[in-house]
């Protein structure tokens, strides 16, 4: 446990999960389950909102969501590396870009 | 890559996934998704087979399935550790036990 | 139509669910295979530098009564209690100066030995004969070596390479010169800053020692009875008082490389861990001296002024096993020790009782597999050594087998380390046991584990480790490919 | 009623799905935080022993034209091309035997120097003055040290500890004695078995060297032009032919500890990697000799008969950077080198071109941050050294800064290593870049990465690394807690 985490003792408890040979795989399994739960629910939301989803709309949305996912994971990875400034800039720049793209995507989803 | 795997070159390709910082988490996410898929389907199977599932039946079944899961994972862990004999015995003994328990469970599931 | 569609989807989910279940089982197997073989699971050869290999939570197992059992008045450890010191003395006595008769020879018998050897062997009938047999075995071993060399050339070269820096001008760390009151302070800087607290000192020293390569680090106060007597490194044969600045011991543990260790007695070697440990404590001595405190490194194979297993127990690293070797939760019996004695103010750790010694009472696998019969089979330790009841091996018997196995010279045996059920890598299966077993007050979990150990795992048996005709040059587990001579060389 | 139930369930899934999405985003952040800080990601201080740290797929980047650029007839490397050799010679000349005048003094000027120093400095006007300034700086540095000692006591002790085994009788590996035709064969066993093939030899040596602690291992044929001339270890000053048995070089790389390395110039030290490397190649020399082949270890800081970056390029480990240091895909510029020259039949690796040198043409971050101005800003390398066009730093300028930063003596600087964009740990973010960047033929990916590097990351600027008044004793990244003196000591 180095760098940032060794200087911020509270974060050392992360190691209870991510340093464990049992809990780390469990963590990722739950992460996978959560994604499925998310998309299952989303399907119903879209239908209730009267949005007609097509395969290409799902593909666009999944790509956009993966962008959000990777931006958050990547930003915090840099923070964990003791490059907090770079991590926040990374999330700021790509986060802004994704909000703009998200607005565009919303319009596209609402088309037939 | 040691022991058994260094003696069986084909198995070295395991490292492509499990030695990767990208693919290993992805693997576990997919594992979690597969479990949800499995249980979703199972729900429909039970209902089609006329089995009235209750929460405690689901709990019993989940415990039994976790037993199968851990037995396979544990057995192959020992195999990977170069203790092939111990791994096979482990799966043999606990596998047999789980088959017997599975038969009992099947009867329980078929009760009201 | 809507209904039809619903049923199709329903069927699809049903089938996909079954396939998913099967794939997830296959995946569980695949992941297990990978986890078992992962180099990340090789404790001490992986995550050491940041202290991650010391992952066992010792707190629930702190105890006020360390797991060695005190039964009388403690005494300091005589110099000749160490096998290698005895052998050195005997060799010296048997070596005749030119034109003179040697001071002692086998014909003169044990009674003709000077003290303290005379009393030592008088108290242990037969021990001297075992050593004589060991010398004979050594001759035989050298004669046998050409037969096995083609099989074990690599194991030999690997061991020689690890041992290389021990001899000649490359020896490190340097040996102390003169009394500790001089040598432990030599190269020391004046103290420039004071520690915030002894706890700060301990935390700092532990972190630094991990970056030097130590898998486990623990700290204890030095009890007088763990200090040797009759010989002091840097001074020679002498009766001495324990120096006033020998207050604390920083105890360091590192494992052997796992695959070669499991392939004992032939493929293992002591020097992978020994050289690493010398490197660590040599650096640590300098580090502490640079902070302004005296320090004195203690390192294998023989550069010790104190006994290691008891200080490691005091420092909370583990418990002593039936085979006499320290067993730690992380490394099992694959735990080799070194230390630095220091006057730096530190906070001592507490010893643990994690049920290891209690398990040894029942297990006996090491005794069953020991090719020399040096390990006791009794249900509880019966030997009393200087006021402590503890497991104690028959040192000469053990050494004799070193001279018997298919190596070029007495390189050790280490089968008891390899077969010990605690000697397990770091993966989820063994980690679950590490967490669950010491927390079970009934002992049923341990009994179940021991049952599985004895039924699922196979052992070659004690004779198999010896060369023919007595055995078949077996190793506990097959050696890794990279140490198999015939994988690389034309035989 | 059925319908109502359906809607409730529907609502439930809808809400659970939203919560799941939010939690999965939070989890992604948490996992990223952990991955960034994980010690498993500290290449070379983790999975090394089993070779897992050499994870870059070099195959797609094999090239017939190594990335050093040949522009004329190659020549052997003169002894005085090495800064430390020059300094040693100068010191020797300035040292007067008792009652005699020194052979040379500053007043006599560069023209009065004996060859080859005279020509060397004649070709490099000003270099000698820089060195004179460095000596003056050294005095100043020692005088400044009491001011900084309270801040950097630990960094100092840590460095001293790692360096400790270099001096005194503990030096390891032993230096060669006598000509290579004797010393490289000393301690060699008779060859007992023949290798199945040179490929078998290479695979074996690589695996063994990893278990000795090497993060990266590569093998090349030794080209004559990489051998020094004018001085031979074990012989002294001499013009010599390259010995017939110097056929192959096993090149070994290990990194500095990452957190202290990022905290250069004050908290880093060279000796963590150097001592590790000496340990590795010292053992490897013995291992090879035990197999029956001559071997000769090459190790830092100064025990080299060959130039390291070019042989490392030949062995496919990486490419040379603008700062003159080898950059490897795994370790970036945090790559320190050692080697064993041997007559053992091996299969050579192929050099790689993974776009590193091309990136250096554009990046210039190391030149911008270098506190000494020793690194070139030109768009392409312009220096031609013995027939090769390559980046070459101004050695005296660099050394001068070593004598300037807030350490007790010239312990090095290493800022160029720390700020290099290739100097990154092993986690998914950097691994994606490692895979994608060298496979992009357009170079757009590299341009985007460089843009992010320059906008998202902040650098203290070249002067900040110096003590006041010129700078503020900055380090590239803040040091880890365990090296911060005021975390542990009362100031």
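By written order: A, B, C and D. Residues from 1 in each chain.
By definition in this document, contacts are C-beta pairs under 8 Å (C-beta built on N, C-alpha and C of every residue); 3 or more make two chains touch, one makes a residue touch a chain.
The structure displayed is predicted, hence computed values, not measured ones.
J.: Which neighbours do subunit B and subunit D have in common?
T.: Expected: A, C.
J.: Taking each chain's centre as the mean of its CA atoms, which one is farthest from the centre of subunit A?
T.: C
J.: Count the touching C-beta pairs: is A-C or B-C ahead?
T.: Most contacts of the two pairs: B-C.
J.: Can you check how far apart subunit A and subunit C are, centre to centre, with Cα atoms defining each centre and the answer in Å?
T.: 46
J.: Taking the mean of the CA coordinates per chain, how far is subunit A from subunit D in Å?
T.: Subunit A and subunit D have C-alpha centres separated by 37 Å.
J.: Residues touching two or more other chains, restricted to subunit B: which are they?
T.: If we look for residues of subunit B contacting two or more partner chains, we find 1-2, 15, 19, 25, 27-28, 30-31, 33-35, 37.
J.: Quick one: which residues in subunit D touch 2 or more of the other chains?
T.: As it turns out, subunit D has residues touching two or more other chains at 31, 35, 39, 42, 50, 52, 427-428, 482.
J.: Taking chains as nodes and touches as edges, what kind of graph is this: line, ring, star, complete or other?
T.: Complete.
J.: Could you pull out which subunit A residues touch subunit D in their complex?
T.: Per the stated touch rule, the residues are 1-7, 11, 14-15, 17-19, 27-28, 30-31, 33-35, 37-42, 44-45, 48, 68-70, 72-83, 85-86, 89-90, 93.
J.: Spell out the part of subunit C that touches subunit D in their complex, as residue ranges.
T.: The touching residues are 39-40, 42, 45-47, 49-50, 52, 149-150, 153-154, 156-158, 160-162, 164-165, 168-174, 192-196, 200-201, 203-204, 207-208, 211-212, 257, 272, 275, 279, 282-284, 286-287, 290-291, 482, 485, 487-491.
J.: For the complex, which residues does subunit B have touching subunit A?
T.: Counting only subunit B, the residues touching subunit A are 25, 27-37.
J.: Could you please specify the touching residues of subunit D with respect to subunit B in the complex?
T.: 31, 35, 41, 50-52, 55, 426-428, 431-432
J.: Give every residue of subunit D touching subunit A within the complex, in rising order.
T.: That would be residues 10, 13-18, 20-21, 23-25, 27-39, 42, 258-259, 262, 425, 427-429, 452, 455-458, 477-478, 480-482 of subunit D.
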